[in-house]
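Heads up, the next two complexes both have chain A, just with different partners, chain B and then chain C.
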Partner chain A sequence: MSERNESTLTRRSFIKWAGLSSAATVAGSGVNTPKLQASTTGSKKQKGSIQYAYSVCDMCMNKCGLIARVEDGIVKKLDPNPKFLKSRGMLCARGNAGIDRLYDPDRLKHPLLRVGKRGEGKWKQISWDEAYNLMAERFDKIAKKYTRCGVLFTPGSDMQSTFVHRFAEVFGSYNVTTHESNCLVSRNRAFLDTYGEVPFADLLNTNYVIMSGSNRFEALVTPDSTDLMTAKKRGCKIVVLDPRYTKTAALADEWFPIKPGTDMAFFLAVTHVIINENRFDAEYAKDKLFGLEELREHVQQYSPEWAEKECDISAKDIIRIARELSTAAPEAIIYPGRRSSDYTQSSQIRRSMAIVNALLGNWDRIGGLTATRQVGLSKPHLEEAPFYEDNPDDRVDVDRAPMMFEEEGSFKLIRDAVLEQKPYPVKGWFIYKFNPLQSAANRQKTIQMMAQMDFIVNVDITMSDTAYYSDLVLPSSSYLERTDPASGLQGSSACACVVTRDPVVKPLYESKPVFEILKTLSTKMDLGEYFDFTIEEYRKQQLKKLPNAEKILKEDGVYYNQSKLYGIYEGKIYKTKSKKIELMNTRYQEMGVDPMPVYHRPNMPKSNEFRIVVGRNAYFTHGSTSNYLHLNELMPENTLWMHPKSAAKLGIKEGDLVAVKSSVSEVELKVTFKFGIREDTVYMETGFGVLSKNLSTVQGKGACLVELLEDQSDALTGNMAMHETFVTVQRKGVV
Partner chain B sequence: MFNAIKFSIFTLILISMISSPLLAAKKGNGRKGKYLFRKNCRTCHIENGSAAVLSPNSKTQANWTKAFKKDVYSKLKCSAEWEKRKAKDLLDIYTYMHDHAFDSPSPAKCE
Partner chain C sequence: MNKQYAMVIDSSKCVDCKGCMVACKFENEVPLGFSRNWIKVEEPDFSDPDWMSKKPSSHFQPGGCMHCSSPTCVEACPTGATFRDETNGTIRVDEELCIGCSSCVDACPYGARYKKAEAKIVDKCDFCASRRENDQEPACVDTCLTKARTFGDINDKTSTVYQLLNSESIVTVKNQKTDTQPNMYYISKTAPMNWTKPAEIPTPYRIWSKAANPLVMAFTGLNSLAVLAMLGRQFLDRKNKVQKESSNKGV
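The block that comes next holds the complex of A and B.
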């Protein structure tokens, strides 16, 4: 059995690569940083001159600090900023490959207008002036016919996305959503409804971690990924529950190939043991927890013996782990994870995880879950947005799920609403750095959603699949070419800090930052007064309460607020109805939702089917980086992970091309054998099987995961549920 | 006598309903409420303003419900401003503040 796609990259070589790129990990450790100069923008350089500039990475959402080495106006190397605590002075493979983003030959260069049908790939280059006039005219037309809520705005994860929100607000549309409901909304919901806020994990200082589905040694989150390794070396025990033998599983102390979707059974049984054996701090519970007696009664039915039958983890192991966990408490964590776009019960599953954390007494203390730290940025006061009386009362996805976040909604439910044209039609779409044709389950449905639209604008840096199906595609500047507002980062026990960006090089081609695009558009639509500021002015206002921040950001590339980390909640009430940590949520009860998680066995694949699950690796960011040369080299195409026994039953040999079929579509790709996957489960990476003909490196490679996935969603929040799809696998050519 | 008691109870309920219209189950338009709050209240209830800084998460939901009772807000310094507003406007503002309160499912800081 070969690991064909990873043959050029063993774990050791990857860590070595990352190690070569990391400098000292502690600020002020005496590493000499070359004196950093202001950006090279506009300055005349001698041939052979080298300049350095700070920025923060944009290849994923972590925003690791970096130092760019610029020779003769070309960015030659991106290195980590040794003073950046959140990244522990590291810049990963993707961070290094940021140069690919800047100099990508496939990069969008000019405004392009679709000629021919959507998805045909026929474009006409137009001027920015023409683009602005067209946008103003078309959005105005939609506003008049369908009200301002007739335009949908989807800003991606970006430091300028706040200005897309701003534009939507002053334009007057309530229909704004981000990638978050394809990711972590259900996790946020569950922890918010337990603790009153969404916690961070102090992995650096903890002694026992259970990772349910989370894969921190590949799905990199800073400082968590590095801190987990440090903790492990210190003797922290790591237990992984995952149907796949991920790199995190490989480095853990114990790995359980849990039956997918049954994590709630495991955690309810752990709760059962902790409560029944009195393995919790009764004083703490009396003082800080709400609903203990109700929880005690509720979990009696969820014994380890019962759970064993559901989750494929033995009762003996469940009891042992519950005891080990509670002995290690309060320096013990059920890791909250991040992406929770898995099951229709995903909110309640995370509730069961939050509840165990609560019983461990780990909140707001070292080695446990920590609260949001103060960063100190101010929100600039901008001109009040107008109110449009003819607008409908609310968002188009209103009431489709009982506990959506009001300003977030749900992409899946919006898509349903657009297709139904209920409660009202949505006919325009402004997309920024968002690629649902690679990241949102059921690709064909997104294509149908786009077919409903009169006018789609897409601001991106490459011709992503979603851009390929849009009407007006506008070239965005990369992070290395922009001035950005300040942004506060929560680094759990590493730091709370402020970052920003100034251009490292001038924008290439005719690219523009989305702020500039919207500012100009606003003037064309009589909304100029609402964008009557520059980013520099905006940033000044953000930093007004941090008087040294501007100077320190220039000198160090990062500003730290040494704000409180532990004990933030001392003497304070919790932002919950009971003012305590809620084991039982009475708001849920009032709404007719289970106040404590109730286990329902998830749908299971039939004997001839496999559950297909979703995951992340360290080389790709969702569907957006697989076309970059240096990253594609690590994985030129995706394959289907399959257990050799399952494959043998179907007469499939390693490397065979197979047809993978779900109830919504079918794709073809090759098979890789993995002993490290359950026999009832298959897996494939995201970011392949692209439709766009302008992604030349990854074109024609592999298959698209979301083409296969059914679009189910979390019952509470509408978060996409991407692990509920069952597929059949057949060797190509077999009838 | 029972009729007299019934009548008194009915009258009391009617009076309390009139004096606290916001306690009725009717829901206002929170989005309009946000606009009205920013336009009318936030001009003073802002940093360096003439009154205490206020945003929806300044109070719990229960406390907002209390604050929007006539016998409570009529005692405020800015009660005249409250009197100027139509009942629908107050309901809209209340809906916005309540739905984004400190302990609400969608806490918001008006900044």
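The block that comes next holds the complex of A and C.
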């Protein structure tokens, strides 16, 4: 064996390496690409040219910076970009498996036109030209017959989604919704209506965290997961309220298996203790908080003893935690969470969490909740969209919930409106990276919604369940194959930054980025003047006020301009009606909505029923990654989590096949025994029980969660409420 | 002084996200169904009726080949394919000499080795040799969400691993019957500790492994004929494969 000259690897030398690679640009572009010496590990592993290129992950929505290693034109490895400070130089399991997305054998390769019945899976390969002509003709026909709002747009949450919004605007439909109302709009509502903006949690610098309705160490591991661990190692206390013993619960200082849906009772009682024991900064409260006296009066009814009976957490613990929290304040946080698509009261539940934060005085302070910082991207000047006189006055989901976000609406309420054809028919649908047949409660209802559409176009990378029920399926290129606009990111104490993407490799098959699809379609529909730009031109305009950003993005893969982190609002008024943090919201009062959260006991399962709860893991982003070989391998199928005692009562043994039945449907899957779940609760993972026959890894495995879930919604925002479904479980036999 | 590469792990930081496992699989082209590394889990004692009141917690323990200083896998290898690289202390497999007999697989107390079915060779962690040549950290270390794993040369006093080893209390995971002197160190404490198995080493191989000359090995004992046959077959297979590849290129 020859002795190799190996230098000691330290973090510093690694970063130096990353700096060296910084000159790398697009593999194959011929620009400034250093050809690193091919590495050899023996005669059998001779490698050709190796190139490194920056990109940004797209396996979830967090856009973590990465470095792709390309060998002879093939992406071999994705590594974290250490200069992307937001994620502290990590790339999770999904991020690593981005290669599976690029080289997925199930990738869509050509435009496909449905020839059989919807969902029958019979397709004809057509040319892009035929696809464009068909789209132009069919959307035009729908616009003439039903107005332009007769086409619904679901742009996904992607760096090119902005162009789907743009196309909807110039085409003339205001019926646009993304995934957000299946996820987090009720959380956004609650914090916006308390602070005037949606805050970030400075987990890195905090000393006490209560995690309720969130699973930060496990669900879609994010930069916050990393910071929470750093804080924990420093001594930050973590308290988890969750009906399941999640990995976050497993690593917390304290875990309380709270009765699902009663979190508001806990937080109102914590408020009760903090106020009655005067455990808040009175001067701060006078200066910054609105409605303290009203809140004091309001929470008198919510004693810890009362809450104990509601939420199954002892009054003693509630009092202790309230005291510990206020002692740690302002470096203490009730984690705002992410997905809040849980209860019909979810906005008000999150309001009760926002209010405790307010009393902790943590807003805009180190170790507390921090305000948004703008990175300074410019909005490119685009031709003003045409006005269409025949359009209806409002979105199709108008007035179906009192406090929807106007630009977002609610998928659940849009679906109801489309099915009822009220106030007007919607007969066309343009879908980009959105898969409600896996992510929106009540799958059958989405199928019915699709059944009454005249024409559905679906741009995706694989034949998702929703693509499988569409009419025209178009292959989009992956994030490693395309040029994207710049995107401003915020999050954690790493400050705001800009990321972008350039192709790491050339697009495979006939795939195209959605921008190109919409640009060509706009030309076919005589709207070409509104798409008269390239992404490169668009990006240049976005970056025009950021000196050197273009150069730094090339060199580092990310652009940071450090700005003030805390005290942004010092000397400034808050963006709320009262100009203070609103413990009481008078706008709510005017609208007939409870101005302070009023506890209503959630519906409870009958003795023969279980509440089914929704959660996430570190491998699957809803239904979009469960078909990838390296992730599916980590969890090949989903099972029903059940407490052994509950199972025993029903004669169910571990591994048995069971029928799980709700008011809307029934599914079958195997049972896994979990001591770490409440006896009145069951759980299953998302991403299984697929309808599509073109997802070869996951097909035929497990059962579909949203098939079972009733489509209830948050009273204020129309956010899907996915923890309100009760199921019965019956043994079917041994597998 | 020669290098001794090692990993120092703070397993209390591990959240069981499996980032290290997926990163390793791509980096080292590990076939589906196998893994060069792992995360072991210690859960609360659910059989205790009072487990809920005892502040339950779990411990996640990342691991992989421990690149032992007293490796039973090397001892078990009949052909010398598995060897300790004296330049840096890593335990390596010379693919040209491996006959895929799997003796080393049984001899590893940690289950760190697997047989690549198609290639008929045994594969294991090499601390990402090809990445190290490019001055990069092993894939599992680089990708780790919480930076639970630290890699380096414990004989280099300036290295982070040296400093960790000499400033923190350290434990190793060892099998009671087979102490292989692992070079994977865990900071302060780790769990689970009881998942290893005693090394199984065929007796004749113990003798061979002491002999330096492969020819001597080959003529020792009855089993040697089988070993020779396997070695021969492996060479033939590889020769055929190489020829096949070159003829493909010609077309």
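Note that the second predicted complex is superposed on the first by the 682 of 735 C-alpha atoms of A that agree within 3 Å, B and C clash if a C-alpha of one lies under 4 Å from a C-alpha of the other, contacts with A are read in each partner's own complex, and residues count from 1 in each chain.
As a convention for this text, a contact is a pair of C-beta atoms (placed from the backbone, for glycine too) under 8 Å apart; a residue touches a chain by one contact, two chains touch by 3 or more.
Note that the structure is a prediction, hence the values are computed from the model and not measured.
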First (chain B), second (chain C), both or neither touched by A:Arg587: first
Partner chain in contact with A:Ser225 - chain B first, chain C second, else both or neither: second
Chain B versus chain C as contact partner of A:Leu78, first or second or both or neither: second
Partner chain in contact with A:Phe387 - chain B first, chain C second, else both or neither: first
Contacts of A:Lys379 with chain B and chain C, given as first, second, both or neither: first
First (chain B), second (chain C), both or neither touched by A:His165: neither
Chain B versus chain C as contact partner of A:Tyr174, first or second or both or neither: first
Partner chain in contact with A:Arg320 - chain B first, chain C second, else both or neither: neither
Chain A: partner with more touched residues, chain B or chain C: C
Shared chain A contacts, counted only where both chain B and chain C touch the same residue: none
Partner chain A, residues of chain B touching it in the complex: 29-32, 35, 38-39, 46, 57, 61, 99-100, 102-103, 105-109, 111
Footprint of chain C on chain A - complex, ascending: 1, 3-4, 6-11, 13-14, 16-17, 36, 39-42, 44-45, 50, 76-80, 88-93, 95-97, 99, 217-218, 221, 225-226, 229-230, 233, 245, 247, 250-255, 257, 618-619, 629-631, 633-634, 675-676
Chain C residues within the chain A interface of the complex: 3, 10, 12-13, 15-19, 21-23, 25-27, 32-33, 43, 46, 51-52, 55-58, 60, 83, 85-88, 95-96, 126, 129-130, 132-137, 139, 142-147, 151-153, 156, 158-160
Touch list for chain A against partner chain B, complex: 174, 192-193, 196, 378-379, 381, 384-387, 391, 393-394, 403, 405-407, 575-577, 579, 587
